[in-house]
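These notes open a run of structures that come right after.
One chain, subunit A, appears in both complexes that follow, with subunit B as partner in the first and subunit C in the second.
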Partner chain A sequence: MDKSTIICRCEEISYEEIEEVIGNGARTFDDIKRLTRCGMGPCQAKICTSLVAKVIHAETGKPFHEIPLPRMRMPLSPIKLETLATSSTSFSTVKSVLDEVELEDGKVR
Partner chain B sequence: METDVLIIGAGPAGLAAALETASRGLAVILIDESSSLGGQLPQQTQLIRPLPAEYGPVRGFELAEKLINQLEDYPINYLLKHRVVGLYADGSVGITDEENVFPIKAKKMIVATGAAERAVAFPKWTMPGIMTIGAAQTLINRDFALPGNEAVIIGSSDFAMDVALQLKSVGVNVKGIVEEQPEVTARDNVKIERVQQSGVPIYLNAAIIEAKGNGEVSEVVIEHAGRVLTEKVDLVCVDGGRSPILDLFYQLGCSFGYQEKLGGWIPQYNSNFQTDRENAFLAGNAAGVTSQGAILLTGMIAGISVCENLQAISQDEAQQIRGSLLKELEILEDKDVWESRIHHIESYANPKLKDQFIS
Partner chain C sequence: METRFETIVIGGGVVGSGIAYHLSERYKGGVLVLDKKYPMTGTSGSTQAWVWVHNKTPSWYAEFNMYSAELYPYLSKKIGDVEYKRTGGLSPFFSEEDREKALKLAEAYRKIGIKIKVLSREEVLEKEPSMNPEVVGATYSSIDGNVNPFRLVDMYMRAAKKNGVHYSTYNKVTEIEKQDGKFTVVSDKETYLCKNLILAGGTWSRELGEMLGINIPVNQLRGQILVSEPLKPFLNHTISGLRQANNGEVLMGYSMEEKGFDRSTTLDVIQETANMALHYVPSLKKAKIVRAFSGIRAMPEDGYPIIGKVPGVENLYVAATHSGVTLSPLIGTLITELIMDGETSIPIDRYSISRFGVGVKG
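Here is the complex of A and B:
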């Protein structure tokens, strides 16, 4: 594959950038994510997971069944903080963080 | 909100599971992020076969209507335009309708989240005009919008053949189908013949080198038989196959195994279609990418297993029904897919990925 090819379209990470961190020892999706921001955009790795696995396979020869899944965190897809916090009684961590923000004229003080 | 059964995903698997559970008197909530029932079926105008005897063969949207109509008599709580955001510590499922977030506590859940199309990467693949084959179909059949006028299709699965014909039928000039493998990956010979007869060239042992364009795609460069072809296009449809959608299983703490024929990583499950989280069952493409008929059968199996677990039917009856459904699945499903599935079920106790850190 041409080295300039984009692999993570959200963060615009190219094949070359992933190849470089694999050269530095990255072996899993999460390694690559931490070093490049690959998979940290709005789609949260929903599109690039399989493409990155292909790059790892091509660069290291690791079989696909030894390339683990990326970590999938809550929220499973993007949600407004407002939605998550305001009407929810159980997601209290988020709510308490928002409560701590002091506002003055609608702006964070 | 509380219920006996929470079904996540209202595609064919979720609808089939809803019928099995609701018809046996269980309280069912069926949630889906889209605004209509049926998953991908409503925009599928192609004939779907093979299907279990009571359903087919019919076109995708007709199958959706059948599946929805047969639920008419049951008091199912449909939560459309709702999606799962995560799990609460007590096992309740966090649901949002984009205005509120609320928990649903279910005795059992059936995860039928389906599969997502995989991207195919080549230089400039992110330009407008380049989309998955499923997106092109959605534009034509659901949105009644032409995705382009001059197209090239990358990949030659049965689905790619279907959409090639549908694109032709709405006046799109399909300039070629590009396949990396030495033969077409579609299995339905009738379909392949129809595509060939329609005058669409199929390039085997071929690869896309790059797309070109300024702000949108205007050309694709293809390598075939030692030659380089350049086609002027405003649409490139890529068919990279599909992968099961796994994020909810990951949150649940399920173990995973790898089966290439079933779409890669899939949750570990037993022959009851129960994951290693005892409250969570699964069905459809989320349990391994397969054909529509097999999707319905897995939904029925998961539904029966939940009924058995909640004592809506006896163990003997459940085993008997499940036995015959599994037999039908074996007949209906492609042989290599079935063999992978059996292999996967047999590796239930020895998953490849387990006890992952969840946050």
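Here is the complex of A and C:
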């Protein structure tokens, strides 16, 4: 890999960009992700995980088994929003901000 | 590395780094920021990052948020592009009952000079054509917007470092002691000495306070968010519940759960979030969701920020709050004023930790 090698294809993040944030103290895949967007695109780090581990290893000397994996999250593969929706029309955990406006004696506090 | 600093900030998230940056603009004494991991591992890196004023009550608290939102355009000129956009904020409602509430909110705000409008259905659809046509109306505030939280914290850190602030990350604080007018801060890597100590531990404020025998009553409140693939720009406003980022992805969610530090994402809340997003913006139904994530809000026991000096412990300051993204420019400015001038340009007595009773336990 040279400095211009693209590590994250989805977000087009190069070796050099990752090297820079490691220089600023980033140590894990997720640190690097938040600072560069590496791994935040459609593939959600499926392609770049091991490449980033190689960069971390090369730059910090950390053994591979000590480099944590990125945190994977649902839905793992892109899925349409309507597929996640249900027929329910009531909300419990999800709020509207107006729900939070409290009235006291018919007035806003 | 140096171990003596004039000031140490514990916590490098949006609040701690905001303070460090604002201090570094005026202050030439040594400043060190300590973070147990890397900044943004916690709350500051898992947020929709609205810069949000309206719907916050009571009105004096909304006013406090407004002062901070007003600092954003200037802040982004100083520290660089943080993708701040003053989009205007829109909170849709779907019942006439909510319109009554919205009108009362607008009236309460008018008294303190915050302008919010209560829009009719037609006005909402004109401003935001993708909104569900069943909408009844919305509250609208022109000062609301959003920012890229990753850029924001990174730029705070870069600007602070450029002004001489030191950072030590992956360096958890394990013990704090006050002796002979100085704080001894013991961490995984080093023992430091400082004159001023600022606790900006966010969700971890309680355990930081306990090291000094102080009760900082901050709880955890989980929020779960869905992220779409990048879509062509189509949302004009920050809608309470969803917003579109510069790269086109839409962030959706507004949920609250008391789950401690558990950062799981759960199917029930993901489904409810999908329902909310489709209820507001039906055309999102074919949009692909690429990720769900969750973040833990730092929620002071009574819901309001805890900011200022800690009574009874000289040179100890605390800054613990939710809405850290919105409030960070103002909190950074105020803590800097407290340290440099001994007083603040706007009153902050209301936010003192003393409202929870005696600061120091026992």
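The rule is short, and it goes like this: the second predicted complex is superposed on the first by the 85 of 109 C-alpha atoms of A that agree within 3 Å, B and C clash if a C-alpha of one lies under 4 Å from a C-alpha of the other, contacts with A are read in each partner's own complex, and residues count from 1 in each chain.
The rule we apply is simple: a contact is a pair of C-beta atoms (placed from the backbone, for glycine too) under 8 Å apart; a residue touches a chain by one contact, two chains touch by 3 or more.
No experiment lies behind these values; they were computed from the predicted model shown.
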Using the touch definition from the top, say if A:84 reaches subunit B (first), subunit C (second), both or neither. both
Is A:31 touching anything from subunit B or subunit C once the two structures are fitted on A? First, second, both or neither. second
Please work out whether A:46 is in contact with subunit B alone, subunit C alone, both, or neither, and reply first, second, both or neither. first
Between subunit B and subunit C, whom does A:74 touch in the aligned arrangement: first, second, both, or neither? both
Partner contacting more residues of subunit A (subunit B vs subunit C): C
Using the superposition on chain A as set up above, list the residues of subunit A that contact both subunit B and subunit C. 73-75, 79-80, 84, 88, 91
Subunit B to subunit A touching residues, read off their complex: 83-88, 94, 96, 98-103, 116, 118-119, 121-123, 125-126, 209-210, 240, 243, 246-248, 250-251, 256, 258, 260, 264-265, 352-353, 356-359
Quick check: in the complex, which residue numbers of subunit C touch subunit A? 37-38, 40-41, 45, 55, 57-59, 91-93, 98, 101-102, 104-105, 107-108, 139, 150, 154, 157, 167, 169-170, 226, 228-229, 240-241, 253-257, 265, 267-278, 284-293
In the complex, go through subunit A and note every residue touching subunit C. 24-28, 30-31, 34-35, 37, 40-42, 44, 73-75, 78-82, 84-86, 88-89, 91-98, 100-103, 106-109
Where on subunit A does subunit B make contact in their complex? 1-2, 4-7, 9, 15, 46-51, 54, 64-65, 68-69, 71-77, 79-80, 83-84, 87-88, 90-91
